[in-house]
Amino acid sequence: MNRKSSNKVMSAAEAVERFVHDGATVGMGGQSIGRCAMALTHEIVRQGIGDLTLVGCNLSMSMDLLVGAGLARRTECGTGNLERFGTAFRWRRAIEAGTLEVEDYSHLAMASRFLAGALGLPFMPSKSLLGTDILHKQMEGGSDSFRVIDNPWNPDEPVVLLPACRPDVSIVHAQKADELGNVVIEGFTTQEPEMVRASSSVIVSCEELISSEEIRRYPDRTTVPYIFVDAVVVQPWGSYPTSTYGCYEHDAEHLRRYQVCARSGGEAYESYLREMIHERPDFDSHLDGAIGEPRRRELEESMRRLM
Amino acid sequence: MNRKSSNKVMSAAEAVERFVHDGATVGMGGQSIGRCAMALTHEIVRQGIGDLTLVGCNLSMSMDLLVGAGLARRTECGTGNLERFGTAFRWRRAIEAGTLEVEDYSHLAMASRFLAGALGLPFMPSKSLLGTDILHKQMEGGSDSFRVIDNPWNPDEPVVLLPACRPDVSIVHAQKADELGNVVIEGFTTQEPEMVRASSSVIVSCEELISSEEIRRYPDRTTVPYIFVDAVVVQPWGSYPTSTYGCYEHDAEHLRRYQVCARSGGEAYESYLREMIHERPDFDSHLDGAIGEPRRRELEESMRRLM
Amino acid sequence: MTTDDYTLEELMVVEASRHVSDWDTVMVGTGLPMVASLFALKNHAPNMCYVVETGGIAPQIVGTPSSVTDARVMHRAVRHGSLLDALGGVLQRGLADVAFLGGAQIDRFANVNSTVIGDYDSPKVRFPGSGGANDLASHAKKILIITRHEKRRFPERCDFITSPGYVDGPDGRRKAGLPSAYPEIVVITDLVVMAVDRATGCLRIERLMPGVTVEQVRNSTGFDLPAAAAAGTVEPPTEAEVRLLREEVDPGGEYLKAPE
Amino acid sequence: MTTDDYTLEELMVVEASRHVSDWDTVMVGTGLPMVASLFALKNHAPNMCYVVETGGIAPQIVGTPSSVTDARVMHRAVRHGSLLDALGGVLQRGLADVAFLGGAQIDRFANVNSTVIGDYDSPKVRFPGSGGANDLASHAKKILIITRHEKRRFPERCDFITSPGYVDGPDGRRKAGLPSAYPEIVVITDLVVMAVDRATGCLRIERLMPGVTVEQVRNSTGFDLPAAAAAGTVEPPTEAEVRLLREEVDPGGEYLKAPE
């Protein structure tokens, strides 16, 4: 915890070293090909922090990298994919090979678990999952994470109870933050408002550091106030190759390239990890290798046209 | 329901006539001396719609008027007062006289009940109310609105379950709305985001009608999207004598005057109702009688200085 | 106009759009469902309200979005929100009139599998999982599924029920505790339009694609498939509809291939 | 400086502020609690974070707010939010270090009544009710109560427990299921500073106001009130503290009357 600090700005290396530990449950920001915390994920891979439980609604490329790098023990999520770009292949293979524990939920069920954590509640009711094998096969398989009770006010109506999900640390990429740790997410916010509030520690990377003066001028726009945040990492393009709403589009070329490597696995995948992460001292160096200035301008321009 | 309409703008008289019915459970917007839906409340009094159950977190002057006018059968809330301006006296007297049913909650407990309604859940867990007579005396008294269960994942830990609160209609005053029914609340939002979403019908009065173009230009600022709203009443000063953040301060003089009448009851109170509401065809006429232009400018100026 | 003037995929999309009415609140992802709902919006449902899982309400979708996080599905929304707002506050709240779903397997009770082929604990093939699909199937008033018709996709019982259809019979959803107890469920394939018969909780043939026989459909289906008494043929799209589809809804041909 | 140079009320406020530390997250309404916490902020806790029930986080409070809906308590907040954000997302979430409370009755276990005098179902006097008080008492790590010391305010048992103290004994809160099981509870009156003794779950005398005797306090209290072994005297405010209080915290004398 680093919440009692008036300047939380630090490098990704320092933030990950201080707040992500072996065996941690990590809340994954972003969704699909949008606003995934790629810079922070690279840093976890670089530092080789392992035995992680990854949690989120849709877990995408950032999760797949941690699984592919052998750093994940378990996932709890609603989906593992990159939507039109395909399944999260390292995740899929690890499940098929039996080397990764999974617990399946729906997106709303995971969001509900984070909501319970965010509100300090032990569990949240849900009307999803009823009548399905997500519930029944996992309960038969010994999972302790589901209860079905009767609605006390309508005794024949089953209601699911889901235990709160409280990550040890969440990693999130946002458009803006100030040095105190106030965070502004623009556009869609996925499960992040609840997940962040439910977490013991929170690392936010941002496209732009703004002044606390600006935060206080527009308090209706602050997504997460500083009392929930431990570290602010200033990292433009920090969600690359996924998009950041209002800043740049996803890079379809790089996503396809990753998916080719992830699908084949083996040396193709190892060399992706090596060239893109391990041989790079930091995320800026990764960006310099992965994407040139002209392509960056293109993706920015493409996003601008959609605003 | 009037949600399938591309122009929901109507008079307070029409909105109240269409959406507030005898016996309804009414969600009360605003809190204390801020943003109470006074214009809509006056209209309910004027139309004499009765047998109402009033629900909210803090119920204030708008509730007290409906109780004082003999239109309320029951309240469910966390507090009945106007903070520094005192108790809600008509409410207090009615409870002491045994003419009003009450169910007591904490503010968080009521907000939790609205949250359950907003999420389509039958109940919400709570860790408030435990160890108190709010829970025990009301349960002993026969209330069916509380259950205490053991946390299934920690069997010795009691957890309260509270049933969803789903108003038949909510009345809310906001700074801005468009004709489709998109609503922008600025500053504090009390329990309104959840209460409105939990309601079958929603009437919103607003200081200013803005264009849908403006709504779509700043979608991060919309508090409630139009799919939850049935009627939009354009009524500047619609929360008078309570404040509207960013627009005007509360009118301490009028609040004190009301409290004097409410405290004495009898003819003093009847004449307040008569002069301020029954003899006034609409809220603009009430305003003309209650507050002159110079005082309005003063209250606007006073708010401006706080921005 | 002859059947050569539109593709089967185009027909499936137009047929799906017919199940979307004006003023419907429609929960939709990307792909063919988005094409179908965009077509409905432009053709006969101008006041339709999109709700995107990621939180966008009533966006004016542009281009061909490749994700629910794509700025194209957020364009000029009346509100940006969170996943909880969309899936909890609109869908579970009971306000979604129509939801589109996909899946690897659909069984006779219209239960859907998007999780796994084989045993859950030692899977033969693992799929991405529910995502919002389970939530959509649990809470929407009407569920539309667009899929190719292959026998392996229509087994007697899904290997894994990810998203509930009628579970195990006409009253299966109510008994399971699902708030939307008797939704309309319509499955549109390249051979047939099926819908759940409320009396049995099972899929039955409602309308055949032009030129397709009941026999053909049954041969491609892994469970007994009755036919509604009045089972007719799917109405082909008009020339104007095809033009709208090609020129305005999917002008780049990103989702719909033009006929060869 | 003599006792004539500050009022008892000022002393109560300064004493209350001593229980607020730098970086504390403090949930506060209006009135004396706000004066005490504002004083702490300006005197020794510059990084204190106000959280207002109505949703404002870390406002820079101006003037003398008369309500939690007053724009003065929202001034330059880092975030505006909802009641659920503040009471659920911060308080019930376990992040409130300090909360201020008021009430009509406080009993030996520091339970508080702000609902009713007499029988709940046929009340002699009805008060406004819990508001956020029950939530504050249920979830904060430290609970501060500022009140006048009158015998009727300190009964053996509250007529109605609105907000939990230690309920009925040292383990009462844990058994009741309260997440904040052993909070510090401090009651500051014009006679005495009391705190709950963790060993008994009951209030005891911690410090006396200057010139007050244990006998005096006991005569004004409706339950047996032990005294801590080391019970001393409340430290008077310094001249600088009184100046800060009068000139910067409550310059209009809205809350604190100047000494006659």
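A few notes on this one:
Going in written order, the chains are labelled A, B, C and D, and every chain counts its residues from 1.
Keep in mind that, in the parts below, a contact is a pair of C-beta atoms (placed from the backbone, for glycine too) under 8 Å apart; a residue touches a chain by one contact, two chains touch by 3 or more.
All values reported here derive from a predicted model rather than from experimental measurement.
Contact with subunit B and subunit C alike is made by A.
For the pair subunit B and subunit D, the distance between mean C-alpha positions equals 28 Å.
With each centre defined as the average position of its C-alpha atoms, the distance from subunit A to subunit D rounds to 40 Å. Those residues of subunit D in touch with two or more other chains are numbered 56, 74, 80, 84, 88, 91-92, 139, 179. Residue positions 112, 120-121, 126-127, 151, 157, 159, 186-187, 220 of subunit A are each in touch with at least two other chains.
Going by the touch rule set out above, the chain pairs that meet are A-B, A-C, A-D, B-C, B-D. Only residues 29-31, 52-56, 62-63, 66-72, 74-75, 80-84, 87-88, 91-92, 111, 115, 120-135, 138-139, 158, 160-164, 167, 172-173, 176-179 of subunit D touch subunit B when the two sit together in their complex. Residues of subunit B touching subunit A in their complex: 116, 119-127, 144, 147, 149, 151-154, 157, 159, 161, 163, 186-187, 220-221. By the touch criterion stated above, subunit B contacts subunit C in their complex at residues 3-4, 6, 118-121, 180, 182, 197, 212, 215-216, 219-220, 222, 225-227.
Of all residues in subunit A, only 30-35, 57-58, 77-85, 87-88, 92, 95-96, 98, 104-109, 111-112, 115, 126-134, 137-138, 141, 148, 151, 157-160, 186-194, 242-243, 245-246, 249-250, 252, 303, 306-307 touch subunit C in the complex they form. Note for the complex: subunit D touches subunit A at residues 23, 25, 47, 49, 56-58, 60, 74, 76-80, 84, 88-95, 139, 179.
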